Amino acid sequence: MNATSRLRIGITGLGRLGRRHAQNLAQRVPGVELVAACSPLAEELDWARDSLGLLNLHADYEAMLAQNDIDAVFLVTPTSLHPGHIIAGLQAGKHVFCEKPLALDLAECRRVEAEAAKHPKLKVMIGYGRRFDPSYSDAYAKVQSGLIGTPFLVRSQNLDMNDPSGFFMRFAPTSGSVHDIDFARWFLGSPKPLRVFAAGTIAIHQGLREFGDVDNGVAICEFEGGKLACFAASRTMAHGHETLTEVFGTQGRLTIGANPRLDRVEISDAYGVRNECTPTFYERFEESFLRETIEFVQAVREDRPPALTLHDATEATRIGIALRESLLTRRAVEL
Amino acid sequence: MNATSRLRIGITGLGRLGRRHAQNLAQRVPGVELVAACSPLAEELDWARDSLGLLNLHADYEAMLAQNDIDAVFLVTPTSLHPGHIIAGLQAGKHVFCEKPLALDLAECRRVEAEAAKHPKLKVMIGYGRRFDPSYSDAYAKVQSGLIGTPFLVRSQNLDMNDPSGFFMRFAPTSGSVHDIDFARWFLGSPKPLRVFAAGTIAIHQGLREFGDVDNGVAICEFEGGKLACFAASRTMAHGHETLTEVFGTQGRLTIGANPRLDRVEISDAYGVRNECTPTFYERFEESFLRETIEFVQAVREDRPPALTLHDATEATRIGIALRESLLTRRAVEL
Amino acid sequence: MNATSRLRIGITGLGRLGRRHAQNLAQRVPGVELVAACSPLAEELDWARDSLGLLNLHADYEAMLAQNDIDAVFLVTPTSLHPGHIIAGLQAGKHVFCEKPLALDLAECRRVEAEAAKHPKLKVMIGYGRRFDPSYSDAYAKVQSGLIGTPFLVRSQNLDMNDPSGFFMRFAPTSGSVHDIDFARWFLGSPKPLRVFAAGTIAIHQGLREFGDVDNGVAICEFEGGKLACFAASRTMAHGHETLTEVFGTQGRLTIGANPRLDRVEISDAYGVRNECTPTFYERFEESFLRETIEFVQAVREDRPPALTLHDATEATRIGIALRESLLTRRAVEL
Amino acid sequence: MNATSRLRIGITGLGRLGRRHAQNLAQRVPGVELVAACSPLAEELDWARDSLGLLNLHADYEAMLAQNDIDAVFLVTPTSLHPGHIIAGLQAGKHVFCEKPLALDLAECRRVEAEAAKHPKLKVMIGYGRRFDPSYSDAYAKVQSGLIGTPFLVRSQNLDMNDPSGFFMRFAPTSGSVHDIDFARWFLGSPKPLRVFAAGTIAIHQGLREFGDVDNGVAICEFEGGKLACFAASRTMAHGHETLTEVFGTQGRLTIGANPRLDRVEISDAYGVRNECTPTFYERFEESFLRETIEFVQAVREDRPPALTLHDATEATRIGIALRESLLTRRAVEL
């Protein structure tokens, strides 16, 4: 597209995360214009009108796709809707940004990949936004520069603060961990996965048992070429949200996020020397949400592939599904 | 002003810091429109036209003030010009945001205060932006909440990375430290200063001797009511820019900025466990520049005094001048 | 034994670690007297005579056991000799302290346990000394006090500095990790292990391939009652020796050893802000070696069981053997 | 003295610190024999007999000096007694180790120096033990190696935990800070002091006012050759004892003791990520007390000057007295 014209965007899904994306698109992303929003909920559309001044509001996704003046769509909808919405968007000739994960099963992933292949001029990007976090970007650049030699092991843990209400149960249970899988593949050079093993436990939320789910888990993934990943995930932390990744290389190690400091303030009092922590992933990764959007917009405007491919999203889902199978069967699962 | 109309701003001074302010005003501050820029240098005006699309470009400050559609001016000019430019801005009926410090001597500070008093509807704010840094804001809120009891001692140090070229000599020599003075007054509740003592040394830049200047210094300031401040400043650090402040209270201590981490990445290699540091004050305080502008804009739009008064700026200058006198006379200076 | 009489000790094995034990026994442990030493190497006996002033020196372990004035023996010999030497010691009526691990296979472990059961008055303790490290002791006491609620997951990693010579190959390959297994059992309340999975890689030392060994590995162990452990081990670090353990409980987490600081010195220079690290396990755990000896001596003098049982040592070996089997078979191993 | 004979020591003063020294001498210092103790308090002598098995117990220092089999005396008595006891010890032909500070006024310091000069074969050392702390030793060695270029500024703060009872008032009020003065001189290469300024406040303990004392203070000391020191001292901390020293050099900075961690345990819970702190100087400097004693003993046995000279102790006292004068007069004091 023309370098000076602005990319016109419609967004669907205005829940907590959708609103953040909408605000970023409306106010903080250069080169775009947020021109339409879609939601089945009237109150979400009211918010879009009142807070962002949006005039083109749709209850129905198809109706929004019919708007000719939209170049790209942002999908911040439930995962089960992702594949259908991406495909419809592509078929309507729109570039598509979709929140992660791509889909709940592999067949759906591949259906989307196949559709995307038919539209080589359209860009599709799944929002594995943490790759765009300044610290992860910096660590990745350091690995690429050879600072730690050849990376061979990634250990990553995604710890969420306990929600006494158990509200998180309504979300996809392993949503955080799929980022860890994506980090591991990214830092290790996208090797082919061979085998996984996972184990979990219910530390607090006994209600998860009926869903075959856990609130804490650990896992190992072996890749081709002697690459390894080790994961941990928790939804029962007391101190805040912590995403910690260690990248081990032959000449050094990088650690990202070892202490999830809220800011640069340290308190020395009767509790010792301490710092407060980022309460949720949002405070930790606020900048990432903005930067992933900027990457997508730039990729469209420069007519180049986004940094993250659909295949990356498929692979993260594939490994995630295998981990879940291992958790349930208590055996190592070959990929 | 009307809550929905945008504040129209003209900026003068487009050096390194001026460009940052101009970019923030053009792209990141809600509720404003950057409508004009002024610089004696053609290349700076070219930049404003090419990068920001500005059309009203002036070589002369008076010409910009004559623009009727400007509500407020931003001054990012040499300190010696601040008083005259603020006063001219006020007399032209504009709100004024001016980079710190207010002036080089007290008489000038008071001349500005007197002029401002004649225009009670116009807002004037001096850019002691570090008060708006998220960590300093957080620490201040904690002090206000009583977390550390009554604050009685502030220790603050402003350490800049060594510039082998000695380029910093061309800037106001103690520019960093005046923030420390401002922090101390702010956290201690703006007590009346009583007495200062300062001592300095030239560790590296022998060329400073002819200016009666130093590249490292320490100082003490006593305030009424048993409040104390202790300062250190350096321009010869190897690791980066570090602004560290300790606030001692009767029930605890807060430390802000103890390790000037660049981000959340830690390296473990032959040099030990380490993190890279913010190279200059700009990387450390990028967010502050944005937030101080937002504060000024909101104060104007809500017709309320900005968080920082002109008197705060005068006091910081007054203490700074006394510190310099103590450095030269090697005696304690009464205020 | 009489509270004021001193425990008379003979030591066998005067390699690097044996000399440390000998020095501790001779100079730093109250209530003991080092009265004899045994080694097949003349130079080691020379050292014992010259450095410690020992007069009863034996080339042969049986000869040392024949000394009537010895109450207890310290075994710092190769693992393959442990079972036979412990049993011989017990049959000679001596209390026995033996460096970890207990044995290389389970049958040997049980043979020792059976022999020990025949000598209920004699104390036997295997040197899982890291339990006596001040930080691990402190963490354990905190868990016992309920500070973090119920512990359910232990993550522990044992990282050794790379030895370019590959010298470590001559030692028991997974010697460090067995401490991690012991930590996990200890903090989790010694639950019954159910299942393990392990994966490894050779990052640097290709020569290990012929021994079926790896220089980096990760593992998961599931215990009864939903308890979990996750391990990592490396012998290829650049920064030093790091033993890091995280204990996750329902109300908080403890982290032990997150940054293996050499001391309290921090360097700020062109490499950032950094600290040097403990080069080997010895600098990290020097105090533990002393404290485990004191524990053993006190247990004997007070005629009470030592804090660590033979069963603990057997279980650590049992899990370690299963991990090795998993590493070789690439399947989860049931226990 | 003969390399194999043991140094026979008598100790006077068995208060809290005296007992620590006595225990170290009895159990942990190689090459010595604690043969006598002296105290005016019967209960202290009972402790020496019961806990250490000492037989030669004296109520009177002169009587202990009369013991011919004593080579050296340890003085852990009130400061006012130091000069007289050191002089008497020397005149009785004993080597003398005396806790810091040397004396309360300069004339006394010089009287001791003069007496010591008459006994060139006898060693006298004042216990500025923190120089022997492993971290301070390491930092000093790094400075000597040139790691941070030429040191020119030492900032040191000595923060004690608040004692609600105000018990510390009975001790010499600035006892901690004199270590900071000693550190500064040591790291800066013992330059001649030129001028000091000090300021203080009473944050909590109003009862100190009648003694002209403060519970928090800051100070600056200028030395010849452009060397500087900056001190802070507090007796009202909530988190523990913290001795923090920054050494600024032309090529880097060393920080010693930035976070007074109790050990290597970190807690992540509702209070954030935190570590407990060393409650008093004793937990922080336990090793120093032992190492200073070992240094003294080795100096005597090797017939060489101890690392710390009497002149060092005099200079620390001289600067300390000037700081107190500045605090009272509110003026800079020339030395």
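When the chains are written out, they are named A, B, C and D in that same order, and each has its own residue count from 1.
The rule is short, and it goes like this: a contact is a pair of C-beta atoms (placed from the backbone, for glycine too) under 8 Å apart; a residue touches a chain by one contact, two chains touch by 3 or more.
All figures in this text were calculated on a predicted structure; none of them were measured in a lab.
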Q) If you tally the C-beta contacts, which comes out ahead, A-C or B-C? A) A-C
(Q) Farthest chain from chain A, going by the mean of C-alpha atoms per chain? (A) D
**Q.** Whole-Å gap separating chain A and chain C, where each centre is the average of the chain's CA atoms
**A.** 42
Q) What is the distance in Å between the mean C-alpha positions of chain A and chain B? A) 38
Q | Euclidean distance of C-alpha centroids - chain B vs chain C, Å | A | 57
Q) Tell me, which residues of chain C touch at least two other chains? A) 237-239, 251-253, 258, 261-262, 267-270
Q | Footprint of chain A on chain D - complex, ascending | A | 237-240, 242, 259-262, 267-277
(Q) Show me the residue ranges of chain C that touch chain A in the complex, using the header's touch definition. (A) 150, 152-153, 155, 157, 195, 197-204, 216, 218-220, 222, 226-228, 230, 232, 234, 236-239, 248, 250-253, 258, 330-332
Q. Which residues, counting only chain A, touch chain B once they are in their complex?
A. 27-28, 30, 134-135, 138-139, 142, 147-148, 251-258, 261-270
